Amino acid sequence: MTATLLIEQLLNGLQFGTMLFLMAAGLTLVFGVMGLINLAHGSLYMVGAFAAATAAAATGNFLFALVAALAAAALAGALMEMLVLRRLYRRDHLDQVLATFALILIFSEGTRWVFGSFPLYLDVPKALAGTVRIGSLSYPAYRLAIIVIGVTTAIGLWALINRTRLGVQIRAGEADREMIAALGIDIARLYTIVFALGAALAGLAGALIGPIQSVQVGMGEPVLIMAFVVVVIGGIGSIKGALAGAILVGVTDTLGRFLLPVLLGTVMEPSAATAVGSALASMSIYILMALILVWRPTGLMGS
Amino acid sequence: MPDPILKITGLEKSFGALKATSGVTLDLFPGEIHALIGPNGAGKSTLIKQIVGEIPQDAGTIAFEGQAIDHLDAADRARIGLARTFQVSQIAPELSALKNVMLAVEARQGRVFRFFRPVSRDLALTDAAMAFLYDAGLGERATMRAADLSHGERRQLEFAMALAMKPRVFLMDEPMAGLSPDGSKRMTAFLSDLRRTAPILLVEHDMEAVFALADRISVLVYGRVIATGTVAEIRANPDVRTAYLGDEAA
Amino acid sequence: MKTLLDLKGVTAFYGASQALFGVDLDVAEGEVVALMGRNGMGKTTTVRTVSALLRPREGAITFAGHATRGMAIHRVARLGIGLVPEGRRCFAPLSVEENLTAAARASDRPGGWTQTRVEALFPRLAERRSQRASTLSGGEQQMLAIGRALMTNPRLLVLDEATEGLAPVVRQEIWAAIHQLKGDLAILVIDKTLKELRQVADRCFLIERGRTVWTGEPAALTPELTDRYLGV
Amino acid sequence: MTRESLLNIAVLAGFLAVAIIASLSGQPYLVTLATKAVILGLAGVGLNLALGYGGLVSFGHAAFFGIGGYAAGILASAAQNYEPLMTWPMELAGTTSMPIIWATAVIAAGLIALPIGALSLRTGGVHFIMITLAFAQMIYYFAISWPAYGGEDGLSIYVRNSLGALDTMDPLTFFLIAFALLLLVLALTFMATRARFGLALAMARQNPLRLTSMGVRPFRVRLAAFVLSAMAVALAGALYADLNRFVSPSMLSWQISGELIVLVILGGVGRPLGPVIGAAIFVLLEAWLGHLTDYWQLPLGLVLLLVVLFARGGVIGLLTGRNANA
Amino acid sequence: APLKVGFISTLSGGGAGLGIDARDGFLLALKQAGDAGSEITVITEDDQQKPEIGVQLADKMIQSDKVDILTGIIFSNIALAVVPAAVKQDKFYLSVNAGPSQLAGKGCDPNYFNVAYQNDNQHEAMGEYSNTLGYKNAFILAPNYPAGKDSLNGFKRFYKGELAGENYVKLGQTDFAAEIAQIKASGADSVFFFLPGGMGISFIKQFSNAGTGLPMMGPGFSFDQDVLPAVGDAALGAHNAAQWSPDLDNPANKAFVEAFEAEYKRLPSVYASQGYDTALLILSAQAKADIADHDAYHAALKAADFPTVRGSFRFGNNQHPIQNFYAREVVKRDDGVVTNKIVGTAFEDHVDAYAAECPMK
């Protein structure tokens, strides 16, 4: 194993992490700030990816595809909030679970109805195709771009929530919705905005991931689970925590897949090591989450 | 003089730079009401939380009937006989007032892991709970969901639960708060008798009640006990007047 | 004086159980009105209907000339009602400063409330500026709740048990503050200390079992009345 | 008698009637569907103890469902292949006897739920949801990659396990076995939630701080609820394995945890028969809509959505109003 | 005589594309058969890619719908749950796709026919053909589940070069950056992977983005018509092996591909061809025998007397196909459609590795 390989794997972990962050950021906003468990967040990710693929097919322009993804996901999110979720804030979390589960079914089958059962095509934009040389390492430019976008979004979002009056009002609304309304703030509109923002982030993640993964129905749920893991590791409602959690999960998952078989190879025969190692790697992020929660029951930056 | 039932020595607790309690030494004798007064944020509730084991102290020791109880957790301390009322009512909102109190009775008996007999048919439980509700002035509201009680009624429920624990010591955090004038009057009369059942450490801002009830008063300011004495002594203490009482000393 | 708030024959329910059976209440501009009654008689419920937190079943509520029935909570608040609710309800995870910022609304009249002015009224809040509201002492939270309501620059301040749990000196400060505010804005106050209420109120309303049973100036509050309706 | 208890009796009687009539009129598949609903309902009743009464939203109960299933699968396949289950430290043979399998499933799940519960209960709320998911996922991936019991391919039982002289392959007989177990577990949970334990559990859910101050550790009460709930779910898992004569890791997947939660909410959280009604509706919709269109999950989603929006307290809530169990 | 066929397949969720193709191919053949086809009633149900649901549907079809023949299952884990019980109840099961080794060897059964392949075959064929391509140091990759392990074992059975590395990934994984970095660092001269559906799409896109320039190869599943439209040019030049290809030169196939495109507006996949052949097999048996006569019907099926789109087809002793496997290359047609083209033959009349363990003659 060389240092270059290790660095490359760390970059891979970082990229995977920032991608997860975009998903987790929307979730943690909606989840921590609005107190809403949104299982259908993965559907918004799917909506973003499908919108991007459709727009790219029609125009051949990736930037346009990104805009389409953001718009479609934000719109879907706003509609979801206004038509369904708005009625559920005062209810038990469990009602939200059932409603958003129903929304997953509706979005998935709806998408399949419109786009068919076969995956769609979305390619890396020309400008970001190919690799970039960093020292002795050549790394896909597109993955680097995802890292940059992810980190920038993280900073912007953190500032929005912690440094603006809008952010303060949103958090106040989470603490006591009725009270913030009694102070004259239109919490309903505020929540629609927040939800659409979270949805747009999920859509962005879907669009960004489209060129390197499969754009297909059901693509959202595995990522959703990972994003929940991230949110919980990071501490609910904390943007900083989501970023830290995302990178931790990304790096653990990537290094686990890479290092565990190697490490086990030193104590058992190679083919068994590969099998056991990869089994352990599949479990690694869950083990990580369990350890963190046992150690800090509210996550890294939770209160 | 008898031995104190509760004896607190040199208790310290800091939140970051803030000293919430600082070298607090205090005791409570059988049969007495010892009032603890002091400005808002002086550390009274924090002190109670430390006594019941909800937050661990940084230093100092708490002794109950001569035994240090520092190693016991909150549930253990409740079981040996420390009952507390909360400054903000702590109730099970979806249960009826009666069931809230029944649970306190059940917990006192230490029989929680019983899976078969329905509680509603357990007359020993319901009757006892009912009696405590009447003591607290809430008998008529027994079957109402606790969530539907008014603020003052919840305070009464809070109090009924403490009674139901039949503790050796009461630690009461502002029991008068939220009660209407007539409620306060009744509560004052009730507490006055209650001290014979078990002594009371009473945190209260209602001076009328404190002056009527307290055998001794300690004054906590910025986490320190600045004075302990009889009602008359405290009323006359100029430091206490400026720090706390203002013109209510009169 | 011009009437600011007016309730006529208001009834209200919690689910199936009726809490108000016909409350009449009015507050004029700049006036201090005390709402009195025993525990569970419907004082808080009345105030909740004023703030639209609870929809009245029957009756009319007007504020500053607007009928508020059916209006959204935040719209009613923006008409100029600043609520200090029972139990304080500070935004627990937010700092003191953030609690104030969240509520801030520019005044349409000169000399509006700002964070500086609130901190001048309650210096303790300045000391605790960046502390989370959940860790404030009870009294500190109460000050914060009042400060927060003032930050909305209301025309009517509604104080539901605002001195509960406060040390006597602070309580005196708050009463002093109410005296100071008097005239500047109208105040509807619920409290258990009759002595103070009598000094500050222009008029009193007694309610029992969800009905207004008596209205008048504090001086007219005879011992028979207080004994009958307040138990003292 | 309250409306809810009338409804409960009607539902149980309805189940029995449907199964018997279907069986008499030569529609064995309907009996199978009813059996499936009963088994999922049983799992839901188990989950409801933690989720509804204890407020412990476990997103990992598939682990116990699957453990129950694998207990049945492993014991039965060992017996059918005449291979010992283990040879060390002592030789243990498999079995096809249902009672032994049930006991094994229940005990195994209880033993595994104990550490999982103890660790998970250090957290609360959403963290609890996720940490239970984490443990279930670990078990899931373990089952997929562990070759001994078929991995992802699963394990076939071929012939249903036996209960005395009964012909368990007969759909109605098997239905009745499952139904009897459902009644038993229902009765037990009903009693437990009304007994002292239930009161303490309600307080642990609604106000743990108060419970502590009364001298009872919420942790123990919750842990007991979690473990009992896992045991009931494992029993359902063992039956489910027998229903399908097959177990695989998909029984351990998070989708199953999710579906169990959905059943409970659909029927009515914290209502004794909520999960049973939820399971019946879910199974019916699945079977019926699946016929109508390839895109059957779309109408299913819409139905579920309408239920949440317009039926507070699930379907039972819709039919009987607010929970009277104050 | 009328016949009832139960078609249980994955028709919803992420894996739906495969099931839908198999079903569409199957129904197309029946439609083309006219009257003979209308004699056959097909009941389709969605197994949601869950084995338990598959079992329940099989129960339903046998008990309530009283079907004579079951077919349609795509995934091996579902087949393993359904098939043994179904054949024990004397129903024929004809596999349109899944071909787990358990059912080819000791677990073979007279009532079970596989019309597609044995699971290892495509991997074996690619292993064989990789020698022709001259690869000496391949990196091989599959999901960590039984079919994945069979895949790599099948490949290694015929591949003669060295292994630069062997890696199992998580089932359902979609980010392969870690594996790709390892492949780059391993000094491999080629990469073989079995990653069906979305996993394959993700891998191919990421691998081509990484700019290693290494040649890709795999079983037909990794490069079929469910995958290729979604990866675009990224897969061009990749080699893969299958028993069928859209450009396979025989009249039956030409007609099939044309009709399929006309009917469904897309190119058929290997799953569609398998579904089509399965229907043809049933039609051929219908022409010769009545389902009421189980033995005669069995003989008619076993004869496999139908115009397969694969050119040649017969059943071995374990009732799995003995057929050719072709090496295919991913190419772009003139009209821009990315598809497979046959570039060689990996095996002729290949018999699977488990046939010998099957006691049937």
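A, B, C, D and E are the chain letters, set down in written order, and residue numbers restart from 1 in every chain.
In this section, a residue touches a chain if its C-beta (ideal position, glycine included) is under 8 Å from a C-beta of that chain, and two chains touch if they have at least 3 such contacts.
Composition by chain, UniProt nomenclature: A, D = Branched-chain amino acid transport system permease protein; B, C = Branched-chain amino acid transport system ATP-binding protein.
Quick caveat: nothing in here was measured; it's all calculated off a predicted structure.
Listing every chain that touches chain C and chain E alike gives A.
Taking D-E and B-D together, the pair of chains sharing more C-beta contacts is B-D.
Averaged C-alpha coordinates give centres for chain C and chain D that are 51 Å from one another.
For the pair chain B and chain C, the distance between C-alpha centroids works out to 29 Å. Our note on geometry: chain B versus chain E, Cα centroid distance of 74 Å, whole angstroms. Averaged C-alpha coordinates give centres for chain A and chain B that are 48 Å from one another. Among the residues of chain B, none is found touching two or more other chains. Shown for chain E are the residues in touch with two or more other chains, namely 12, 20, 144, 149, 168, 170-171. Chain contacts: chain A has residues 108-109, 112, 275, 278-279, 282 touching two or more partner chains.
Touching chain pairs in this entry, ordered by label, are A-C, A-D, A-E, B-C, B-D, D-E.
Across the interface of their complex, chain D is touched by residues 31, 37, 39, 84, 87-88, 91-95, 97-99, 101-106, 108-110, 112-113, 225, 228-229, 232, 236, 275-276, 278-279, 282-283, 286-287, 289-290, 293-294, 297-299, 302 of chain A.
The touching residues of chain E, counted against chain D in their complex, run 11-12, 20, 45-46, 50-52, 55-56, 59-60, 63-64, 76-77, 80-81, 84-85, 88, 100, 102, 144-147, 149, 168, 170-171. If you check the complex, the residues on chain C that touch chain A are 51, 53, 72-74, 77-78, 82-83, 85, 89, 91-94, 98-99, 101-105, 148-149, 152. Partner chain B is touched in their complex by these residues of chain C: 14, 17, 37-40, 44, 86-87, 124, 135-140, 142, 161, 164-172, 192-194, 230-232. Interface residues of chain B, counted against chain D in their complex, comprise 52, 54, 73-79, 83-84, 86, 90-96, 99-100, 102-104, 106-108, 110-120, 122, 125, 143-145, 161, 165.
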